[in-house]
Amino acid sequence: MSYDLVIKGGEVVSSSGSFKADVAIVHEKIAAVGLELEGRHTVDAAGKLVLPGALDVHTHFQLPFCGTVSADDFFTGSRAAAMGGVTTFIDFAIQSRPASVMQTIEARKAEADPRVCVDYSLHAGITDWNEDRVAEMPDIFAAGIPTFKMFMIYKSEGWQSTDADIYCAVREADRYGGMVGLHAENDDLINLFQAEAEQEGRRGMYVHALTRPPVTETEAISRAIQIAEAAGGALYIFHMSTGRAADILKEARARGVDVQAETCPQYLLLDDQLFKRPDGPHFGTCPPIRKPWDQQRLWERLEDGTVEVVSTDTCTFNSQQKKMWQGDYRKTPFGMPGIETMLPLTYTKGVVEGRLDLGQMVAILSENPARVFGMWPRKGTISPGSDADIVIFDPRLEVTISHRHLATNCDYSPFEGMVCKGWPTTTMVRGRIVVENRQFVGEAGYGRFIERHPVRSPRA
Amino acid sequence: MSYDLVIKGGEVVSSSGSFKADVAIVHEKIAAVGLELEGRHTVDAAGKLVLPGALDVHTHFQLPFCGTVSADDFFTGSRAAAMGGVTTFIDFAIQSRPASVMQTIEARKAEADPRVCVDYSLHAGITDWNEDRVAEMPDIFAAGIPTFKMFMIYKSEGWQSTDADIYCAVREADRYGGMVGLHAENDDLINLFQAEAEQEGRRGMYVHALTRPPVTETEAISRAIQIAEAAGGALYIFHMSTGRAADILKEARARGVDVQAETCPQYLLLDDQLFKRPDGPHFGTCPPIRKPWDQQRLWERLEDGTVEVVSTDTCTFNSQQKKMWQGDYRKTPFGMPGIETMLPLTYTKGVVEGRLDLGQMVAILSENPARVFGMWPRKGTISPGSDADIVIFDPRLEVTISHRHLATNCDYSPFEGMVCKGWPTTTMVRGRIVVENRQFVGEAGYGRFIERHPVRSPRA
Amino acid sequence: MSYDLVIKGGEVVSSSGSFKADVAIVHEKIAAVGLELEGRHTVDAAGKLVLPGALDVHTHFQLPFCGTVSADDFFTGSRAAAMGGVTTFIDFAIQSRPASVMQTIEARKAEADPRVCVDYSLHAGITDWNEDRVAEMPDIFAAGIPTFKMFMIYKSEGWQSTDADIYCAVREADRYGGMVGLHAENDDLINLFQAEAEQEGRRGMYVHALTRPPVTETEAISRAIQIAEAAGGALYIFHMSTGRAADILKEARARGVDVQAETCPQYLLLDDQLFKRPDGPHFGTCPPIRKPWDQQRLWERLEDGTVEVVSTDTCTFNSQQKKMWQGDYRKTPFGMPGIETMLPLTYTKGVVEGRLDLGQMVAILSENPARVFGMWPRKGTISPGSDADIVIFDPRLEVTISHRHLATNCDYSPFEGMVCKGWPTTTMVRGRIVVENRQFVGEAGYGRFIERHPVRSPRA
Amino acid sequence: MSYDLVIKGGEVVSSSGSFKADVAIVHEKIAAVGLELEGRHTVDAAGKLVLPGALDVHTHFQLPFCGTVSADDFFTGSRAAAMGGVTTFIDFAIQSRPASVMQTIEARKAEADPRVCVDYSLHAGITDWNEDRVAEMPDIFAAGIPTFKMFMIYKSEGWQSTDADIYCAVREADRYGGMVGLHAENDDLINLFQAEAEQEGRRGMYVHALTRPPVTETEAISRAIQIAEAAGGALYIFHMSTGRAADILKEARARGVDVQAETCPQYLLLDDQLFKRPDGPHFGTCPPIRKPWDQQRLWERLEDGTVEVVSTDTCTFNSQQKKMWQGDYRKTPFGMPGIETMLPLTYTKGVVEGRLDLGQMVAILSENPARVFGMWPRKGTISPGSDADIVIFDPRLEVTISHRHLATNCDYSPFEGMVCKGWPTTTMVRGRIVVENRQFVGEAGYGRFIERHPVRSPRA
């Protein structure tokens, strides 16, 4: 058989381990993994790792938020993805009432489709759980979206869901084999701490951390777990930030609750003392970055399989936008770039520093997210028949992170100055090379919306 | 020395164990525990147990609720207490806005003082946490009330507290060495389940259990524990009903959270199949009675010291009042009599049936509640200098529970027909015999309000 | 490229999951996994599973034991392996003093090499830990044997090792990246129970179970774990049979001890009531088969990853040999056939009955044993460059187990009558088909001794 | 009633708490605990604590060991006990074959009776478990000795018991309601480590700690627990020294094993760096003193009730005797004085420093040992009818420990220089004052052998 393209001589990695092999591609698919394969075109991967493209299941490109719009749009964002070895991302279609979820999805796809350079999907963000949502749920699944996002905070933005809403949504989603993901923080307590800070006139950036102490996350996660357990459906926790929450998750999974969680590089690598720097607002996210012992515990829970996914929660605001904070932490646009550095940072801090092995990294960045979110085995693995989403990663490249060399539309990186021992050099999406030798060669509109399948057996 | 009264020849019990001794009383106090003591009067206790009077830290006498008033007023209620070996109870002064807590306490004392036959105290029920409550807190402590009650449900009654209210109250109470107790149920979920039942036209009494599944309690307790842990103060859980909650409590205490809890005989002995009987509404309480496996687990947690207190949540509604339910479980006046049967039931089902030893029973019914609620060592122990609150308990009396022989103002008992292997025959409050040979010989107004001391070291 | 052979159209399975693909072979190796591969020869696998050959890391072929020799020699045993989808086994070279371990290995290889039909390796069985063993250890590793077997029992056979021996061996093996495996039973207690039974004149087959109660295993495993933990090396537990031991293992692994374990189909599927049957001796093994609740717990620990390997402990004694017991359980030759039924039974009772998924089965039978015992990625996976050890498994074949259709040299099967929902039809070892359409087409002497690499990083 | 003696005005302490009361004594017994009691004699305890005399359940007075005899004989040892507030001790009658246990008990009583100044009992030390031991067991119980001591080490001394011996002894003792206590160390591993040290020529005192690493204790305790669990009887662990063992104990008790343990002040307060001092041999005991983190964990397990007893393992060797070590740690007579300092050290390091409350201290030093060893309520409590074994303890006395002021026959104290915030001033045994104002006023031969009752219900 004659192959379109063969990636030759690399070390192919899966969660089981790695072996030296060529990878052959025909059109958009992986056609073979083997020895001495030949094709019309060849990419040399000798001395390099050949990884399934990473998935970032948590991005917010061109998101209107805090009176501005996140700085990475679907083009610059997905270009950054490609540059960082991410071949599929999942963004959000967050319902803005009175629009229905389906209308929001369509609108969001219309924004994304002409701009995306890699493949993508959407989570359906529900902000007003009611009979209309129940009614359109079959349509949402039919549209290839089996996962939902709800917020336990953001009451003033009109996004907050009640405990009862979450219970109902988990139960309803379970009928179709879906899963509800949550932004889990306790609104009531955060408001209290913010009001107290206000009374005392404290508004500095570090107050962001002080007014969202661990309990504001751990309580909400603990509550969500119990609600989902009672509702009998699957739960996903977005951007888990504290070590204690990871312990709660471990206990819940051990007793059989169907709950999964992600954490993000910022929670694994940064700590809240950064808020005290002049550029503190650059590090502002919700939930906030935490303490070194939280990092430590999160790594442990990644290593033991409790936390199955690393994502980025990319929501880029550049330094100009961050200035909106004007000395008041509450006005900070919360979010940061990250999709581009997820893979090299996880490799360096995880694999090179001995916290994970290569197979675990591929599980966490590719296999698990694909499986958890209904894209397996189309995405997340280098197997015949899968989409040819492949990253060639050079473990000998040493790269010091700087916004100057990054493709994201941002004039800083929260990981500025960190030294990565390895970097992706080539990225391929459905058989097409979109990054070559660290140069972007893709094009807006090449990426496709991926229809996902249910993540559990429908109850029916 | 010449004693006023000596109880002779009984087996005196403390949490450490028991020994044969006489107990001598001078005026209101225990003067001595010893051998061959002599006094001007003598009570023969040969062959009997001599116990410190039990404390019931959870009663609702003459409580206006559901458009009626609980049927046991302070007289009949405290008479029933005396008959059942309870020498001190703690009722509630639940603030009815716009009255202050202090005003409510005064009003409640005015109702109680002329009627009580045994000693009593009050928990301060707070229903609108705000600056006024902060301001009057020193006065409440000065009035001898170091414990508070807040409700996580009863929004429509205007009683509900938010997470932030609870956080603030726990923190504020801790300044003075106080403790916040909670009615812990998840309002939002209960409303959901009730609304769903309503949609389906289900209103029978068993629906009460179905609309308050375990998660409605366990989630609220779990949340409260985390809030109190973060606030850094002491927490008390009223009427814990589920086995899972008891496990959550055990885990929290093991990791160092300052939380204590009570359960009640109805949760230890009854199960929710009773709701299906014609007299189902008689068994209606909040939270509802549960499953046999919950009973089992609660006994285990009493035995291992996780649950430190048994109380009754006595809130008597007679069968006439219970008729208000008219086929709709939501209209049932929730509550039942119980103070009179707590001690003999705990003895029979706990000690005789081998779940507890005698010392554990005295700990659970007398020593622990006195200590937990700031009355130790004045109450709860047969020690020199303590109030002479003493029960002579005959372990050879076999009594089948029937409302006909009970002193409570109620025409049924939820424990009707249960056979008790032992019953209190004599009850003494501050040196005065108020029950003699199972006859009430006390009088309204003899009981006194007991000023309690802080339950923790004040922070200041 | 032209392939020697292509397995076409099957569902290729790895621990990550499965996908439809062809598998191409060149000479002894897998050359490619891909779509529409073509070769000079073709094997049709449409509708079938294509599995990496199973490994059985625990066999005793032609073992002199109890005055006889196990009935499956290296030929019939490895033929049965092939028929059952096992492409590599690990037998034992158990040192018989005064022979050295190296001499024993050489002798054992000489027995095996001309007879084996599939690939094999040996564990080095050490029965007299001393300076000579320390001295020859480098040679043993150089010979491709990084794993050792020691016995905590069999004192009279001269095989028993002391706690100190085990400590030293674990520590010494760790220097070279090796691992000590144990037969873990408490000799002293077994002797006691046997002596007591003897005093009472009880010798029936069920007494075998009674004289080896769970504590005789769990104590020994617990002790071994603590010794290995202190010695700082890796430990392997052979033929773990009790649920309690699996719990001990789970706890030990959670606190970081480097310990792994296997269980066997007889412990997962049989219970000790079988000893009461007339053919009870057929089921006699050491340790004995256990209770249904042990089975249940072992399955749970397989499912959660605590137990990583299933092996068979095949040590065939036919019914004639079993007659040696003559009414005295102690004279029973302990052992049974099993290598041939391991894969179909694990598939049926594990995958079909929902206890494991397909990927977990492949992990337990192929990937894990290859990795744990130093043969990864040469064995245990269908990846380019790996040995072409492949099983085509037909999930639609329903086979009722009977010794009549089995290749093992035994006139009964302990699993007689069990219905398997699926059976291997074709087995390939290093590219050569040795079983075709359930017919053995291999030949004695084709199998090779596989030199294994260290299982941990040498300490150097 | 006229009392012989009244202790007036002190704070009487039990495990439940404390209260101000007088304690009246008639002849040997406590006659009353009360207010304003009057007697022919009076002891003023104003401002002092009135404690039940402590029990030390682990002493070795005038023990032949290591070719010498422990320096405190029954007179000087029991005098030290009295001075330190210990009113009852339990020593050992360790069978020296071929003598029977009963013969040993009689011989040991003959040594003790004329010399003891406080009450005492004996554990029956069994060194050759066999049918003779089974036969004499009823006699041992009849002699008032329900507890046994066996050794897992000391093979060369002829004291070692096998696993089977322990199993049988636990089972047999259980028939009569008895309990087996163990010196739990792994002989085989200790011998290994000692032999290795010898090979390397290391014999310094610190080598004692190095050759008995934690595993030598934790493995043995873990093994003993499993054996006792299987045998179905009660187990006691003497002189537990490691934090890990305390965790093992906690886990075992939580799953229902009937096991209890003691630790000693040397394990709570000293660490193994002391071995490096010139007087290192003074600190030599078996097991050895450990690390600061072991101390920490042992205190935690005392606080949470896992470890119920503190004893001393007093086995005094003076500095002259310690010289026997002559530079070889193995020749050190292992043991140290301690009975005299147990109470003030536990008070100071436990109560004053906030690790225990007063009630817990009384539980650990008096109530629990009396209960655990079959002397409750005769010993261990200030209750009417109990023996008048009472200590008046002055919490305002500050005493710096020095052998110069101690009554023990030893020229050093392992706790030399520690400052105690409180010290016993008066000790009373069965109504007779034996220490008055820190002066010994007792007499040899006053103490009595206490016949103990079974510690569990006999199985019969």
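Order as written gives the chain letters A, B, C and D; numbering starts at 1 within each chain.
FYI, a contact is a pair of C-beta atoms (placed from the backbone, for glycine too) under 8 Å apart; a residue touches a chain by one contact, two chains touch by 3 or more.
The structure displayed is predicted, hence computed values, not measured ones.
*Asks:* Which chains sit in contact with both members of the pair subunit A and subunit D?
*Replies:* B, C
*Asks:* Starting from the Cα centroid of subunit C, hunt down the chain whose centroid lies farthest away.
*Replies:* Centroid comparison gives B as the farthest chain from subunit C.
*Asks:* Roughly how far is subunit B from subunit D, going centre to centre by Cα mean, in whole Å?
*Replies:* Computed from C-alpha means, the inter-chain centre distance equals 42 Å.
*Asks:* Approximately how many whole Å separate the CA-defined centres of subunit C and subunit D?
*Replies:* 51
*Asks:* Tell me, which residues of subunit B touch at least two other chains?
*Replies:* Not one residue in subunit B touches at least two other chains.
*Asks:* If I apply the definition of touch given earlier, which pairs of chains qualify?
*Replies:* Every touching chain pair, ordered by label, is A-B, A-C, B-D, C-D.
*Asks:* Per the contact definition, I'd like the list of subunit C residues that touch subunit D in the complex.
*Replies:* 162-164, 167-168, 186, 188-189, 191-192, 213-215, 218-219, 222-223, 226-227, 229-230
*Asks:* In the complex formed with subunit D, which residues of subunit B make contact?
*Replies:* 1, 12, 14-22, 24, 26, 29-38, 305, 367, 371, 376-377, 381, 383-386
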